[in-house]
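Both of the next two complexes hold chain A, though its partner changes from chain B to chain C.
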Partner chain A sequence: MRLISARLSAKRRSPLAGLVVLLLGLLLTGGAYAVLAPANAQTDPADQSTIAKGRSLFLVGCASCHGANGEGIVTKNGTQYGPPLAGVGAAAVDFQVGTGRMPMARPGVQAARKKVVYTPDEIEALAAYVASLGPGPAIPERDAYDPSTIPEDERNEAIVRGGQFFETNCTACHNFAASGGALPGGKFAPSLRGVSNRHIYEAMLTGPQQMPVFSDGVLKSSEKRDIIAYLNSIEEAPNYGGATLGSLGPVSEGLFAWIVGIGACVGFAIWIASSSVRSKKGIKA
Partner chain B sequence: MSTATTNGKTAARTARRNPIAGILTWADDRTGLATASKKQIRKVFPDHWSFMLGEIALWSFVVLLLTGTFLTLWFKPSMGEVVYNGSYDQLRGVSMSEAYASTLHISFDVRGGLLMRQMHHWAAMLFVGAMFVHMMRVFMTGAFRKPRELNWIIGGLLLQLGILEGFAGYSLPDDLLSGTGLRIAQGLMQAVPVVGTYVSFFVFDGEFPGDAIIPRLYTVHVLLIPGILLALIGAHMLLLVYQKHTQWPGPGRTNENVVGYPMLPVYAAKAGGFFFIVFGVTALMGGLMSLNPVWRFGPYNPSQVTAGSQPDWYMGVAEGLLRIFPGWETHIFGFTISWNILIPGVVLPGVIFTVFFAYPFLEAWITGDKREHHLLQRPRNAPTRTAFLVGMMTLYGLLWAAGGNDILAVTFHLNLNYITYFMRVAVFVGPVIAFLITRRWCISLQRADRDRLLHGFESGIIMRSPEGAYAEKHLPISVDEAYTLTARDRDELVQAPTPADENGVANRKVRMMRLRARLSQYWYGTAIQKPTAQELEEAQHHAEHELEVHEDGHQHLESGDYSGEYEFDGHAADGHQFDGRHAIEGEELRKH
Partner chain C sequence: MTEHDNPTGTTPQPRGGHGTDVATVEPAGDPIADPGMHPHEPRPTDVDEKAARRAERQVATLFGLSSLFAILCVVSYFAFPIGDDPAIILGFGASNVALGLCLGLALLCIGIGAIQWARKLMSDVEIVEARHPVASSEKDREEAVVALNQGISDSGIARRPLIRNSLIGALAALGLPAIVFLRDLGPLPGGDLSSTVWKKGMRVVNDVAGTPIRPEEVEIGQLINAEPGVFFEENAEGEPKFEGTHLNQAKGKAAVILVRMKPSDITPAKGRENWGVDGILCYSKICTHVGCPISLWEQQTHHLLCPCHQSTFDLADNGKVIFGPAARALPQLPIMVDGEGYLVAQSDFHEPVGPSYWERGER
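On to the complex of A and B.
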């Protein structure tokens, strides 16, 4: 060892030494990049045909707003008619098309959840095509978002943790019971009830519509899964107090207090006052 | 049963001694209660459903006392931090205040705890709601007039305290929603110039949220305000008994008497029964409808907030005012005055309550009516007052809706901002439109009453004139109904003052009196007065003449507006034998 270092040390002033160090540095950097860089969309031939299929679907269903190459269309006023799609990733497509938000029924402030237009295969093809436009988040693996992958004995802890994350990051727009809430200018945070785990995960990952992006640097993948676990738990939990009245907070409660409570009491008051004081019926007091 | 109730042959026997009577006699011998209550148990109350609205509030208050006592057995009014370890999975292991933890404990680990909590909260919503309904009844019927102004004020205090009590109550669980409400309350305090910050520090014992507010609110909620409420309810009821209940006008009912049933046994049974009904309604609501699910909100954390953060309904108006008010702010000498909070949060509620308390005196001043009133007015017979209330109700409703603007936006897919812009205009325009419509409506109803008195009711019998014109025959209304309709005072306008009296001494109050005369003109000017005795007599003669049965056994009914050339031949037109005033046996159409 000492011998090698002595020899190297002896040659350190050789004219070739600089070149060798440079080559070594480049090799190291390139190698490290190859290992650590985000995985790109796969480019095997089978995938190429999916992308081609996706492109043909895209040209029919999406290009009118997003442009023939997903470059986006800008209106005369400088606003975006359809945003550019390079870099949004497959996860965004899977969310937007998979929940029926895209294609939009009409231009508006925000796309609403509706009936899904494309089949799962078509969505996959569209996702592959859009992913090929530029690197972006891929459709997550099942392990990432499925709370059932959490070990049984850690699950409740995960749910509690998810609840804390949910209250800190999500309730401000989505409401305490995930029933949704209003945002300025006709925008809204939709209800999260009945949304699949994968779509919730993708929403956090890609930040669709008005939603901020909760990248893995903000909320770790496991933390997103905890939130999903919490949402599942409150959706499955019994309605301890009875009818939820829409889980919209005190506004609907006040409505029911007046219509049901005051309504019933006044109704009974009318009944009592109209009842005769006589015990026999048919004799007017 | 000591007297014979039949004419049977067996002799009447004295019944067995009633054990309860024995106990009562024992008590009476020592307290003299029978003599003292002899008069009160025969006290007469008039019978009408609208007189029972205040009772809803009274009985829900009793439900509040009962369920509230239950809750105090487990609730811990402390902001000390504990780690939750109860039955609710989603919060196990989370740090929270003892107040919140004990609320969860009541909800999930105390038998019947959640039912009691929800009953308590629903009863609170009903309590305030019933007070509002009762107040509107009193207002619309003019029951606040002399001598009942004091009870109006006591009622207003009860309403205000009830709202405060409710706020203190729903702040106690220390959940995310109630903490947000407290934060708003702190904002209102801080918006008051000069003293605001000091008041806030005093109330919270330092910075918000501190660790004193829950124990303090607890004392206010279970001791201070309920004590005052009880005392005021007592005063309210005592005044009611002393002044006697108002009644609707009708045959035999005057300003000097009360016609109705006695306290015992009729009203004791009716009111007692009503308590169980109100209790039953709150129990059903508490059992079937979720209210304030605090476990869903999580413990209070000043860094968090949830969409759908709203106060209970009775605070919705204040919330609405805050939400739609423009964001005005002034900076003077390094101080900030937040008009956007000060005006809607402090000044306007103050104005509203001042008008509320002053109303009976304002109206008495405008109308110059200082007499005692024990007969109620129908809302239509005070058009301006009724219209004022409907205008206020419209304002209330609009502000209430504005307080839930986000829920409206998300439920009906509306634009949140547009709701706000709409409300900013609507709160000014809406009440005025409602006022004008209601006033016209009332006056039309008055006119209908007058027509009914002078021309009778529509009999449903259609008359055809020889020329083919149709008219409906009117028949006179019953004497009782006519009495009821005319049992109201004629509105008297306050006369405009003369600038100086006959001696030339200048009237120094002339400007005030002129304003009053003008207001009085506006108040009563367009109202329809009841017909005079002379008008009624003429109308009666007219009807008698018209409905007279002639020798030929028929009425000679006039032809209405007919002025053609056709001569009536002394016979009623065919078909009139079936006008409901004759026996119809043997009658048939004459076919001539």
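On to the complex of A and C.
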């Protein structure tokens, strides 16, 4: 040890000594930063393996439209084939893949809800990979979207408030009873019935496809939860007035009135006017 | 059928079974002669006493069922609880379902019974009713003209123009009250239609919650249904500044939507370059066609649709109408950021919002 220090000491005036000290300093700083830097979720080795798994799934199932690195693909005439995914966040992946919208079966104006292709673990891995491409909204915690976390005595109030937010922000497209509605060019706002609370929350947070974004900064997390509480309450509520015919308003009601109502009237009219059975018995030859 | 066939069409067959002698003249050259009535065939209930009694029982059963349903209807009115804790059948309100079904079936059974009665048991005779000309006979028409002329000469209205003219004047004057009353259906709006409560420095706040909005909280593709901050403010006595009808009238003009797009997608018109904040634009929420509130926004196409008549506005292009019956672009509200970092209006709208009206002119 002393020998080494003596040798080092002997060479301390060498022209290379400054360079060596600089390198040592840099190494030390880099090492110290790696150890002491604020713990970033993505430095976790378990996460790294999830991301790697997500990337391999991504390359097989998503890269053909979204590009090998999620950079997006633009068609010859300038439209998006698959949009870039940097910054869409894990929440967008959990929504799109978790509701079966992605992967799309074929390019089209709108990805429709269908059978989910990936397992929850695979969706988590895909979400982790896409989240690693750029900062975006994370998959929300259960407290954020689950209306059962609202205290019992505040729940009715929350449902009423949620109904007001729903009427103001959602009914224009999704219909007053959350049954969905048509948009131009073959697009549509889907029905919200039977959609899980988490996916509704993620849709508001990320604004999938033509749906606008409702960021947490403007429509607070608790306000989104109120909307979900309202949606749950109308889904559970019995139809006091009778069959709703899908709550689609004049379209389905008119169809029913024309076909069933007027059809029955026509049927009775035909029955009244039809000639009844005749007997040959009484005819005089 | 063969005995009535008349291929030449020149010598119509004599008809049988007509109860009247009117309009028996066949148009010349009618290729198919009137076949007349077919011979009467009795119904089984006419010739078979058993069948008649069976039909009688059917009709009576239907009328009996009707009485039963009427009674059940009254019973279910009292039996099923309504209100806060109603009884439920198959996911429907029990009271509604039972009342509707019972009353409907009671009426239906009377109807079906009556039809069955008429078809099986009431008298069964074929009748021919001839068509008559619509106009009255010449004689009736002449009599009417004579009576009218007699009335005119009896009243002397032609001879006494003073009476005639004063009567016309009296009838015309009776129209005046109607004109005055209908004209006065409330105070005229004056200049109210061309201005809203927006003014320089008023905060743009989220509807329902009333939270002010910072531009950094608004993401690309975001839609915010917003209102002027004054609707959520209180006066010195702690009362809301706007309430009831007053609030609704002001809201009907001042409601806005905020949207954020990529600044590179926006093509502002001359003079509107600084009306937005980093791609955040503010437009009137009131359709320029007939004033429906519109917030159906497609974030990728930047199109805003009116659900009433499908007017479509391009918010990236100054609210231009690209489809539908709206005649005028959607008015844009110029916005900026105040000292505390919240979005506020630069001024009121530069044009009247909502549908056209008589005094609006070409603005």
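Assume the second predicted complex is superposed on the first by the 223 of 285 C-alpha atoms of A that agree within 3 Å, B and C clash if a C-alpha of one lies under 4 Å from a C-alpha of the other, contacts with A are read in each partner's own complex, and residues count from 1 in each chain.
In this text, a contact is a pair of C-beta atoms (placed from the backbone, for glycine too) under 8 Å apart; a residue touches a chain by one contact, two chains touch by 3 or more.
The structure presented is a predicted model; accordingly, all values stated were derived computationally and were not measured.
J.: Quick one: is A:Phe176 in contact with chain B, with chain C, with both, or with neither? Answer first, second, both or neither.
T.: first
J.: Based on the superposed arrangement, let me know which partner A:Tyr129 touches: chain B (first), chain C (second), both, or neither?
T.: neither
J.: For A:Gly249, decide between first (touching chain B), second (touching chain C), both and neither.
T.: first
J.: Of chain B and chain C, which one touches more residues of chain A?
T.: Counting residues of chain A touched by each partner, the higher count goes to B.
J.: Which partner does A:Val266 contact after superposing on A: first (chain B), second (chain C), both, neither?
T.: Touch partner of A:Val266: chain B, not chain C.
J.: Counting only touches as set out at the top, which of chain B and chain C does A:Tyr118 meet: first, second, both, neither?
T.: neither
J.: What is the contact status of A:Gln209 with respect to chain B (first) and chain C (second): first, second, both, or neither?
T.: second
J.: Kindly classify A:Pro238 by the partners it touches after superposition: chain B alone (first), chain C alone (second), both, or neither?
T.: After superposing on A, A:Pro238 lies in contact with chain C but is clear of chain B.
J.: For A:Val218, decide between first (touching chain B), second (touching chain C), both and neither.
T.: Only chain C is touched by A:Val218; chain B is not.
J.: Applying the touch criterion given at the start, work out whether A:Gln164 contacts chain B, chain C, both or neither, answering first, second, both or neither.
T.: both
J.: Where on chain A do the contacts with chain B and the contacts with chain C coincide?
T.: Shared contact residues on chain A: 164, 168, 172-173, 181, 183-184, 239-243, 268, 272, 277.
J.: Show which residues of chain C lie in contact with chain A when the two form their complex.
T.: That would be residues 39, 41-44, 46-48, 86, 88, 91-93, 96-97, 100, 111, 115, 118-120, 206-209, 211, 213-214, 216-225, 259, 293-301, 303, 305, 307, 310, 312, 323 of chain C.
J.: In their shared complex, at which residues does chain A touch chain B?
T.: Against chain B, chain A makes touches at 156-157, 159-160, 163-164, 167-168, 171-177, 179-186, 188-189, 230, 233-234, 237, 239-258, 260-262, 264-266, 268-270, 272-274, 277, 285.
J.: Report the residues of chain B in contact with chain A in the complex, numbered from low to high.
T.: Within the complex, chain B contacts chain A at residues 47-53, 55-56, 89-94, 107-108, 114, 118, 122, 125-126, 129-130, 133, 176-177, 261, 266, 270, 273-274, 277-278, 281-282, 285, 287-293, 295-298, 301, 303-314, 316, 403-407, 409-411, 413-418.
J.: Considering the complex alone, what residue numbers of chain A touch chain C?
T.: Counting only chain A, the residues touching chain C are 161, 164-165, 168-169, 172-173, 181, 183-184, 187, 207, 209-215, 217-220, 223, 238-243, 268, 271-272, 276-283.
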